[in-house]
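Input: structures, listed below.
Presented sequentially are two complexes of subunit A, the first with subunit B as partner and the second with subunit C.
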Partner chain A sequence: MDIDETHTPNVVYAETAQHRTAWWLTAPALCLMILILLVPVVIAGILSFTDYSLGNDTFNWVGAKNYDRLFSSSTYEKMFIATFTYVVTVVPLSVGLGLGAALLINSMGRIGDIYKTIYFLPVMATLLAMAIAWEFMLHPSIGMVNRTLEMSCGTVLEFIPFLKNGCAERFPLWLGDRDYAIWVICFIGVWQGFGFNMVLYLAGLTSVHRELYHAAEMDGAKSAWEGFRLVTWPALGPTTVFVVTISCIRAFQVFDTIEAFWPQGGGPNKSTYVMMFAIFEKGIQQNLIGIGSAITVLFLVFVMFLTLIQRWLVERKVHY
Partner chain B sequence: MTRDLWKHLILIFGALIVIAPFYMMISYSFKSPGEIDRGEGGFFGRQEMMVDERCVKLRDPDRDDVATAAPRFPNQTDRQIRDALVAEAVADCQMRPIVFNYTKAFTEAPLLRYLLNGVIVTASIFLIQIVVALPAAYALAKLKFWGREAVFSIVLFCLLIPVHAIALPLYIMLAKVGLTNTYAALVVPWTISVFGIFLMRQFFMTVPDDLIDAARMDGMGELAIVWRVMLPTAIPALLAFAIFSVVAHWNDYFWPRIVVTGNRDLFTPPLGLREFKGDGDGSFFGPMMATATVIVTPLIVAFLVAQRRFIEGITLSGMK
Partner chain C sequence: MADLQIDHVTKTFGDTQVLKGISLDIADGEFVSLVGPSGCGKSTLLRIIAGLESQSSGAIRIQGQDVSGVRAADRNLSMVFQSYALYPHLTVAENISVPLKMRQLSSLQRLPVIGAFMPGAHEKNAEIAASVKHAAQTLEIDRLLNRKPGQLSGGQRQRVALGRALVREPAAFLLDEPLSNLDAKLRVQTRTEIAELHRRLGATFVYVTHDQVEAMTMSSRIAVMMGGEILQCDVPDEVYNNPLDIRVAEFIGSPKINILPVEASNGGLRFGDVVLPTVAPKMLKGPIRIGLRPEGLRLAAEDAVLTGQVMHVENLGSEIFAQINLPGHDGRITMRASPAQRNSLHIGANIGLAFEGRAALLFDPNGKRVFNPQVDPVQSEVA
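The block that comes next holds the complex of A and B.
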């Protein structure tokens, strides 16, 4: 008891000291978090109800007018269509291809590492540079894509309607064609992103125990498909939740390719006018901060909603 | 074996599509404009001597040149001397396409400066991120203090906010304090990495308390513990985070595009490439692809050398 009593003041002192140091250690991070992440969210929220523009000293409250415009004007309708088309196309394809590649590579041992390396290259490469490379590939007359397609002219492959039309008249302009532009953007998105999903799935696959497959076989799972359905897919549940969320968030943020291909206006007939580009064009280039902020707020709502669903799924440990 | 064969066929088909733009980028950076237009020359091009028209034009002799050159060509008319000088210029301006493309890449635009900017920006971002995040992560993981839970829930909330999404309010704030078009503007929004704090906290949780207690016994202050005890134990996690951070910011195009307008001295590599593209008159495909190759190469080479580390670093976000 004696010892305890003599110690108590010291312990209390040590605890307040630790308390204070702890705050000193967290303070810089806390301040920056508030200043750089939280304050801007609040500012965007406030400005989205005003007609503010940089250079003006004052602004007027305009109520929900900016949001009204987002949901009534045809330009923004195109923006939502382009964004969702992109997300809904790129996410399933890049997740599916990532999973497929991971399963194939996982089943073939060391030699599969070569493919892993190759598929991961686009993840590392500067997207803007690769976008410019793709632009040359897709050049209507001297691009590699149309040149390759032309080689099929006069061969049996011409029974495919697409090639037949192309040979008879001309092959698509790709980036200049409003029917193709958004799909080309989607394609590049998948091309760039599926390698990332693949390595996440490969990491997930290493945690699937071999015994589980034997157990499933005992239970009558004969085909590879049954093994996949009963063992692999459920075991990959948490990975899938994560991969889908992060793919969605990345897909929402598509910008580099679109700005590189169409510096003005978001593609033929605004068919690739995605949200990030709209924020950039309206808010920064045209100084229409109110409308830009409204898009920012909607964007944040989408992204936060997605992440919250992910956390909810992870916490419930859902294995679907 | 036959089953593996179709697997390989599928994977090789995918690999061809993945590699195609890289192949084209590097190949174009070797070829002369004529070869690019006509699509000849295989991968390396024929590397025939070509004449740099612009260089010849620059050396177009005027009256003074002819006069100064007169002693070298005795007994000739001005016209003949002029022709001889032009012929000399053409001879001097001949070079292999590969040399032409790469010298143009570095001389048409200050590419070295851009690369240096890229290094400065990515390095400062990473260093500041560490200086801010490590102490906070240590405090959150190992020190008991009032408000710890609150700070940690702010961290968890901030994980929901992608910095690109709040680019507009951040831009307004920077413009208000007059920081646009500075190095600070390129670095500031990234100084706080909530993800880094979260990651390092998770890592520090696994460090045994005894290690810290022993350091305290030795009379070390908390800050000294962070840098001299915790940092060395965290090297693997830190390395992975470094790769994650450097790749993201070397390749980033959206944020530099917003805060740097016109001032070439601050251009990061992607911005430089973008400007190059804007200037392009069509005959500059070769040099542009050379620039793209130069920008993409450092990370790709580093990746090929230390693949395992890179994949670890990039997929770090999947370890949550």
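The block that comes next holds the complex of A and C.
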């Protein structure tokens, strides 16, 4: 059948009218998206090639100088190291712990709900307020952490080198020590973040067909690990892709703990000088909009890259 | 291949007793259907045989060996699930190969990527691939081996589930309503195929269904279950012609058997004022029930026993089922007629019905079968 024959002028008119209505209906959403999403991104992109400061009437084009500085200055090298250390540590740990906690809670009865609440509490709490609590706990002399560690002095636990050194000299300064600061931040990040992943995994686990476990059992999967590999893990594929992406983006965005602990600049020896903090420091505190925008654009590239990987994975690998 | 013994198995969930002491011997190579309405405990029994659930008391023996406490993976049984339970992320070939891989490869050899390089893995994988291909050819799904379950139709998925069950040689096959998700036409076709598969493999099959037609057409023996008990277990012919319980008579047969309340006295039976041509055992007195299959009734003029009015007619082409209202009896009775009798069976027509005395099945007030002296004088005397 020839399709063109059915296209009478009336039909064509109706179709264009329909198209026009469709555009009208999407227009508000499109306008908003352009206005509050694309325009700022484009402006940030443009500003990243200038030396603009807020309040100035004019600016000079500086070409790729801002980007050049990002990749040559040692401060920004520290920024990249701190950011990637944080992401590479926090993402696998918070995803792994989230999955583990979800599996354990899922295998429990009613008591599981209590654990669910406990693990989710840090997610709901304001990180800024929590940071103050952590600051007290990690205080070198009166903090709970070092006080607890001191209790091990003189006991058999002293065979652990870390405790032995601590008892002989002093325990770490934690937030004041450039070797420990980033790991403390990572620890708080994991503590705060895994409850969220756990909730996502718990939701994912409800969609696993129970009969599949029975099929796996009939097929000879004897251990819980084999059942997990054959049924649970593949079924959680889409959840895992989502959880990893979200965790990555959240890890790239870490800011509030660092701002709360070291408002004056990225931790001891800039060891916790993460990207978000750098944007804040350069763009807001020092009013260097150009370099701030350049870091923002770089940040956007990372996040976009992660999102694209996620889309690709969702469509290719884990889709069935 | 092995025989199965179910020995006084009970199962209680909280206060409810789901299985009330089931005993059943299934011989090697037999095809036994567990049939009954939903909630009768048939699926629970199958899952207890499989080891997916444990019995409250009693024993399951496979080839004489008590398997209570042996977990499902070690019982060497294959199961086809109602939902098929295919692994959605694996291709058809991988799905079918899972039972072999789980049993024949070591955990090192099963590791992704590096497992294939473990010593001996190559030969075993080749063997497994050959078995998978053979199973796929048997079920004519060898063209689908690279697809994923999501890309298959219901019938194809069902075959893959069957393939996964028969790729190894289990002691017995357990099938849990495998046809209930298929459309009517495919169900009839697959029914035949499963029956043929059973003949070819000569293996023991335990088949759970709520569809009495499936049970009748495929099985060597049918176990009719109701309320957690096996009411009768026999060859399909016997279950149909000689039901021992009124519930069995009502469950087996389509359209349903006609049950009429009658009065027994002095070896005779009366339906209302009508004296029926059936002889009852002498000691039977008072109200009892008789069952008449739709094909046991025929149209009659002068020798009519019952008269009634045609309320509804179902024409199936090769046969006609007429629903007839009998005066003094609430509920309709169904009779089967040949297409030639179509003209006399229009709606509203008053017709006469007759039946052979020996066609009636007698049930005492408790619903237990009483033997008709006309059919089986010996058994009726015992009763």
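In this section, the second predicted complex is superposed on the first by the 287 of 320 C-alpha atoms of A that agree within 3 Å, B and C clash if a C-alpha of one lies under 4 Å from a C-alpha of the other, contacts with A are read in each partner's own complex, and residues count from 1 in each chain.
Following the convention adopted for this analysis, a residue touches a chain if its C-beta (ideal position, glycine included) is under 8 Å from a C-beta of that chain, and two chains touch if they have at least 3 such contacts.
Here the structure is a predicted model, which is why all the values come from computation and not from measurement.
Shared-chain residue A:304: touches subunit B; no touch with subunit C.
Once chain A of one complex is fitted onto chain A of the other, the partner contacts of A:172 are absent, as it touches neither subunit B nor subunit C.
Subunit A is touched at more residues by one of its partners, and among subunit B and subunit C that partner is B.
Of the two partner chains placed around the shared chain by superposition, subunit B is the only one that A:107 touches, whereas subunit C remains out of contact. Of the two partner chains placed around the shared chain by superposition, subunit B is the only one that A:21 touches, whereas subunit C remains out of contact. With both structures placed on the common chain, the touch criterion links A:211 to subunit C but leaves subunit B unconnected. In the superposition on chain A, A:200 makes contact with subunit B only, while subunit C stays out of contact range. Note for the complex: subunit A touches subunit C at residues 209, 211-212, 214-222, 226, 230-231, 234-235, 237, 318, 320.
Listed in rising order, the residues of subunit A touching subunit B in the complex are 15, 18-19, 21-23, 25-26, 28-30, 32-34, 36-41, 43-44, 47, 54, 97, 101, 104-105, 107-108, 112, 115-130, 132-134, 136-137, 142, 144, 147, 191, 195-196, 199-200, 203, 239, 242-243, 246, 249, 253, 255-256, 259-260, 263, 276, 279-280, 283-284, 289, 292-293, 296, 299-300, 303-304, 307-308.
Listing the residues of subunit B that touch subunit A in their complex gives 4, 7-8, 10-11, 14-15, 17-22, 24-25, 28, 36-37, 39, 132-133, 135-136, 138-140, 143-148, 151, 154-155, 158-173, 175, 188-189, 191-192, 194, 197, 221-223, 226, 247, 250-251, 253-254, 257-258, 269-270, 273-274, 277-278, 285, 288-289, 292, 295-296, 299-300, 303-304, 307, 310-311, 314-315, 317-318, 320.
Contact residues on subunit C toward subunit A in their complex (touch as defined above): 47, 50-52, 71-74, 77-79, 81-83, 85-90, 98-99, 102-103, 107, 148-150, 164.
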